[in-house]
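Could you have a look at this structure, given as structure tokens, before my questions?
Order of writing sets the chain letters: A, B, C and D. Residues in each chain are counted from 1.
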Amino acid sequence: MGSKVKKIDYKAISKTLVAVIIVVVIVIAIGGIYAYLSSQHSSTPMPTTSSTSTSVTSTTTTSSVLNTSNPQALMQLVGLSTAPSTPVTITVWNSYSTSENQAFNETLAQFEQAFPWIHVQVTYGVGVGTSQFETAAKAGQAPIVYRDTSDSGGALFAAGLVLNLSQYLPQSVTSLYVPTAIKDWELNSSLYGLPDNVNYIVMFYNKKFVPYPPNTTEQLVQIAESVNKTYHVWGIAYGAGDEYGYRFAAWFAGFEGQIFATNNGKVVPSLNSTAMVNALNFWYNLTYNLKVNYLAPSTGAGGAEGQLFVANQTAIIFDGPWDLNAYLQALGPNLGAAPLPLVSQTGLRAAPFIGSTGFLIASPQASGATQLQIKAALIFVLYFTNYQADLRLWEVAHDIPANLQAYNEALSQLKEGMLKPTYLNQIMEGILEQAQYGQQFPNIPQMAYYWNSFHQYASEFFANKINSTQAVQGMEQAFIQALVQNGLMSALIPLPILPPFQYVLALISVILTPMVVVISPKKRW
Amino acid sequence: MMQIKKYRLFKILRLVISYAVLIIMAAFSIFPLYYVFVTSFSNAPNLISLAVSDLLPKHIYFTAYEYLFTTNLYGGSFPLWIRNSLILAGSTAIISVLLALITGYALSRLNVPAKKILATFIYIVTFFPYTASAVPLYLLFAKFHLLNYIGLILAYTPGTSIFAAFIAKLSIDSIPASYEEIAMIDGLSRFGAFLRIVMRLALPVVALTALLGFSGTYLDFALAYSFLLPNVKEWTATIGLYYMAGLLNQASAPAYNIFAAGAVIMGIPLMALFIVSQRMMTRAYSNLAGVKQ
Amino acid sequence: MKKEKLFSLFYILPIVIMILFLFVFPLLYSVYISFTNLSLLHFLTYSYVGLRNYLIIFQYGYFLELLKNTLIWTIGSLLTMMTLGFVLALILNQTDLKGRSIFYAILILPWAFPGFISILIWQGLWVDPYGMMNRLVLPLLHLPRVNSLTSTTDAWIELIATNDWLSFPYFMTVFYSALQSIPRELYDIADLDGANAFTKFFTITLPSLKRTIAFVFITSFVFTWNNFYPIYVLTGGGPGISTETFIVYAYQEAFSYNNFALAAAWSIISTIFVIVLGIIVIKYTRILDSFT
Amino acid sequence: MMDYVKLEDIWKEYEEKKRKVQVLRGLNLEIEKGEFVVILGPTGEGKTTILKIIAGLLRQDKGHVYLRGELVDDLPPKDRRVAMVPQNYAIYPFMSVYDNIAFPLRVMHSSKEEIRKRVLEVAKMLRIDNLLERKPSQLSGGQMQRVAIARALVKEADIILMDEPLSNLDAQVRVVAREELKQLQRDLNPTIIYVTHDQVEALSLATKVAILHNGVVQAYGDPMEIYKRPNSAWVGSFLGNPPMNIIRGEIEGDSIIIDNYRVALPEEYKNLVKSGQKVLVGVRPEDIEIRDDGEIEGMVEMVEDLGPYSIIHLKINEETTIRVIEKSLSRRERGEKVRISIDTSKVVLFDASSERNLLEQYEKVKKK
């Protein structure tokens, strides 16, 4: 009896197995066929809606001075003579911090007064560079306006999710912004967003430990060592091992490196260089040999770096002005800010990315916006990057203005020492000075594949798993691989659509071997 | 005599070791929670405590709690979000219970065609990782205009229910069919008997399913965030807490004391619920051991 | 007869529909996507590329490395937390132990505490040399400090220990429940036969728990295999990719590289692995037989 | 007279582990109002299935069920107005005794006072009115059984189905319970369909017994009548403890030849058989006497001492063993040779091939 039952059970289980295998096969087959069929449809190029936009720009009066604070002028700029009779709703994803939102809300109130026919639906607290936007865009539910960083905005633009503003606005609007800032928003000579502030990292130091801001890396090392000896705190807290290459790019540049090079008119990575080796070794030396740098596991005011800095446990960190408030609160007049030092070896400045945040408008496929909504959105982004709006951000949150007029106003405020408390003037001066020694933040889509390639090998290097030469070779190779995989570089070996025979065989055997093990009758567990 | 002495000694040794292990493990489980607790009563937004002495706070600050209960963020507030979370988690719990028990009932009592294949299939499709299904789910739910609570409840329910359905099946196996049969003869429909008799008799499983469904929803962040992001007033406590503590917006520095305070507010009811229902839980899980060989 | 079958289908229908929508659809969709080139540059209009993504994985990817990591993560976590849960359950199951319910109540707290918060707290606790683990606990136990940034082994220790903390209460509860359902008479008879504690454990306790262990093992195996947050938050897969699992890698592929097609392919491969391993376990333990 | 409960050609098949088991194969049963019918059959022959089909819990594959003269095939259980006492009583463990008894009334949405009145009435009748506040876990087996009956009675259904309600009771309690049940049926006069494998219960309780075997009712009628004159060899050997002796024999004139022995042919069969016909001789052990002048000789093979009487197994030849009841306390030894005499007036004869009672066959022919 017992053996009989067992046999029946065994049969049943293998039937189940067969069913499962069949289901898996069917699933894969259907998926494949479906993918194939639908690609046949979708591969026919869709007429881009932007090209049918009946050249709105032609009606714009290329007036000598653009006044983006004037409602009437703004409407004219986008080709509206009078306010539409029916109200228009635009959705906005806002990525401002709490303090920046004070400024935003004030501007919003004024905006709604000036344009009673535009109703703004704001989603607060969205992150920048979020995949949320992409997923929403895929579902056709992206917001009409999104505030993002220039580099991830560039990726969105490359993906076709963001409107090409050059087709809607005259070239002259670019003159309204700080040149470095507006340059961040141009890709293939198309404008895809308007900046509201500029950002980059600077060197924050604690005046309690640091007598003067180091101007060269030699001084930096000296100060770090003496701080370490005298006060028994870290000279520097820089988590080079937890780096994705945003901050490290500054040192890389200081050691005379470049992320991209052009080869036959094509953009190729150039991480495999002595500059990268030197930059890596420089920080390795500070961390492991001199033991004055704390290899922090997390960055920013909330991370280990910031927390140590706030707790007077480290003298120097590298961070952006977005964390200024946290440090200001904790250190008060002891807080100092200065540009990153000169790299003594090369005589070049460590040059951080000068990035920018700003507003972009989703393409109609992504958001389902009508022409009128897009016009309203254009008005919105122009208004929220105008002089008053940007100055407000500066005054409330000390954002570095991207609006030229506001930027100049900020500079003159600093010169006159108008900021309160007074020591803030010096700090802000230090921060603004850094802008002179920056590098342009690449916003080409290739850039998206830099971060992880760098991170993987830099972290292995700082974990002592590989040496610096291996690290730079590795990151370059990984970078190239990522580009190839994403179709941004041609592959050395072209990848065929149908795989070589041996691969199919390998794949099938990988899947089937365990199944054979399963099917073969074995003793009960 | 020697024997008894030896036995006594062995017993004492056994108990001593047991207590030692229990005390160490208890310390291990409580320590991080204690840490959260202490952090929530500090006014330093740090996560890394810089001195061991910080573990015994000299001052107790209620600033974090005050902030959570008084601040209005983007038109929402933490109490509102807690309420939302409770509604959402409660509904998910109820629906999970119904779904799990109905499925368990069908597997146990009814002559479902291709039961074995179906059960195996149901079990195996859940192997597909959540991280990979997030995007397709979002697209699907967007298409059906379900990026709201209803959609969320639908999305949360099966995760708990499938696991619970298997336990429910075992539990219902051990309930004699005559209980519901007599109820049906006494005037209930099959579904009525299921609701009033089977569910009551399988109460431990009901409680367990409800608990798991509730806590899963109550604590989820990723799905709720992608579904509810544009509607601040509909946010759940988890989303709200991330924002309140400034953990999501890279433009603000995280305030870990607020985060900890929120964790305490959210965690205490949940822990109470777990402790209260621990007996039900053990009884529900013991069904697993009752499986026939 | 037919009517009865249709009627019982009605009961199973809700879960089947839900599963179709919530599991089968995403699965199909992912399979479909994995055959296309949906990525940053082909976001709105993408096309069929056959098995290209799978080829990339085997040709360029870190397939073996990730497989090894995933296995270390899954097996390492599972073994330790099941052992821990089992030992605690055995301890709690001693009738002459006083204060069992208090200890039990304390020991399930990690399970009852919001996990996303716990993981962040642990991240802070592990910071070397400032976190309390490295500052207080490990020195107290005369153990070396753990720094996940500088050593892969340390990173695994950190990940698995944290995962143990998060999950041991679940295993303890399940095993404790199972132990309590073993009839006392079995032990009484063994006592009469003069069996010692070890014999009793191996002849009564362990066989009685076989099914529970099997069920919990397969369920948790899949869960751990697919568990993403602890790694993502604690080490981010580092140093390098030495603690990166399939799922974490797929996630990064999708959301850092925006290569949704490749991410889908990774997910599918990962899923095929769990399904195959799952079927082996199901087959050997016959665990699903009891559920149908 | 209309049949109160009628089962017409009921077929039912189960699927167990991929094997089809046919439990009921064209079962027919007609029950009159107020009868106490016991369905008796070995375990696993589908007795409970019949009850479930009557109650509507199971649907028959083929055939029809009539209750109170109406076809109820499509009626769900709740509308069939029957009550049931299941084997394990199914007293809801989470309700008090009172709530358990009140449950059917609550489901019917009776008023509170009505429920109270009825529950108390029934509880008093079953002498469990002092237990109403208790939880089922505090009840003894006998009390549980009464609660289950009370719950069945409370809804005043006039058809009550009972599934071995006494099998879980101790032997002594069982006797009392049996008596009480019988009394109850006499007082309230419901139609009771009672299922059991216990012959004593069947014989003592039933006004009519239906013997179930191979998916059909083998015999149906007055219990003593069936006992005395079973309609088939199987019924004869199934009913009674010790069972009826079924012995191969051959007719020779006015006598039956068993082995080498000759036994007189009973009067009533004289016209039904002819010489040379093979028959099965059915004779109850109590109708055989051990006498020194008995017709048949056998060797004592086994003795079952049961106290008041003994059952003696006598080996007549290689294939025939006869059981005999001896009241005397005299001890028999194994191997002892004894002679027995059969009370021919109580002998029944069955056809050797069909195993049917020859008398019945004759009556059928006569009817036609």
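Throughout what follows, a residue touches a chain if its C-beta (ideal position, glycine included) is under 8 Å from a C-beta of that chain, and two chains touch if they have at least 3 such contacts.
Which chain is which protein? Per UniProt: B, C = Binding-protein-dependent transport systems inner membrane component.
Everything quoted here is computed from the prediction, not taken from an experiment.
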Chain pair whose interface holds the most contacting C-beta pairs: B-C
Chain at maximum distance from chain A, centres defined as averaged CA atoms: D
Computed distance of Cα centres, chain D from chain B, in Å: 55
Chain B and chain C, separation of their C-alpha mean positions in angstrom: 16
Intercentroid distance (Cα basis), chain D paired with chain A, Å: 86
Contacts with two or more other chains, residues of chain A listed in rising order: 12, 16, 20, 138, 304, 308
Sequence positions of chain C contacting 2 or more other chains: 4, 24, 27, 30, 33, 123, 127, 130, 210, 254, 275, 279, 282, 288
Chain B to chain C touching residues, read off their complex: 11, 14-15, 18-19, 21-22, 25-26, 28-33, 35-36, 47-50, 52, 55, 99, 102-103, 105-107, 110-113, 115-116, 118-120, 122-133, 135-137, 139-140, 154-155, 157-158, 161-163, 165-166, 169-170, 215, 218-219, 221, 238, 247, 256, 259-260, 263, 266-267, 270-271, 273-275, 278, 281-286, 288-293
Residues on chain C engaged by chain A in the complex (per definition of touch): 24, 27-28, 30-37, 39-52, 54-56, 58-60, 123, 126-128, 130, 148-152, 210, 214, 236, 238-242, 252, 254-259, 262, 272, 275-277, 279-280, 282-286, 288-289
Contact set on chain B toward chain A in their complex: 45-48, 50, 73-74, 116-117, 120-121, 124, 135, 138-139, 142-143, 147, 225-226, 229-230, 232, 243, 246-254, 256
Contact set on chain D toward chain B in their complex: 15, 52, 55-57, 76-78, 80, 82-84, 86-88, 90, 92-94, 103-104, 107-108, 151, 155, 161, 163
List of chain A residues in touch with chain C within their complex: 9, 13, 16-17, 20, 24, 27-28, 30-32, 34-36, 38-40, 42-43, 45-46, 131, 134, 137-138, 155, 158-161, 239, 241-242, 295, 297-298, 304, 308, 365-366, 445, 448-449, 451-452, 455-457, 459-460, 462-465, 481-482, 484-488, 495-499, 503-504, 506-507, 511, 514-515, 517-518, 522, 524-525
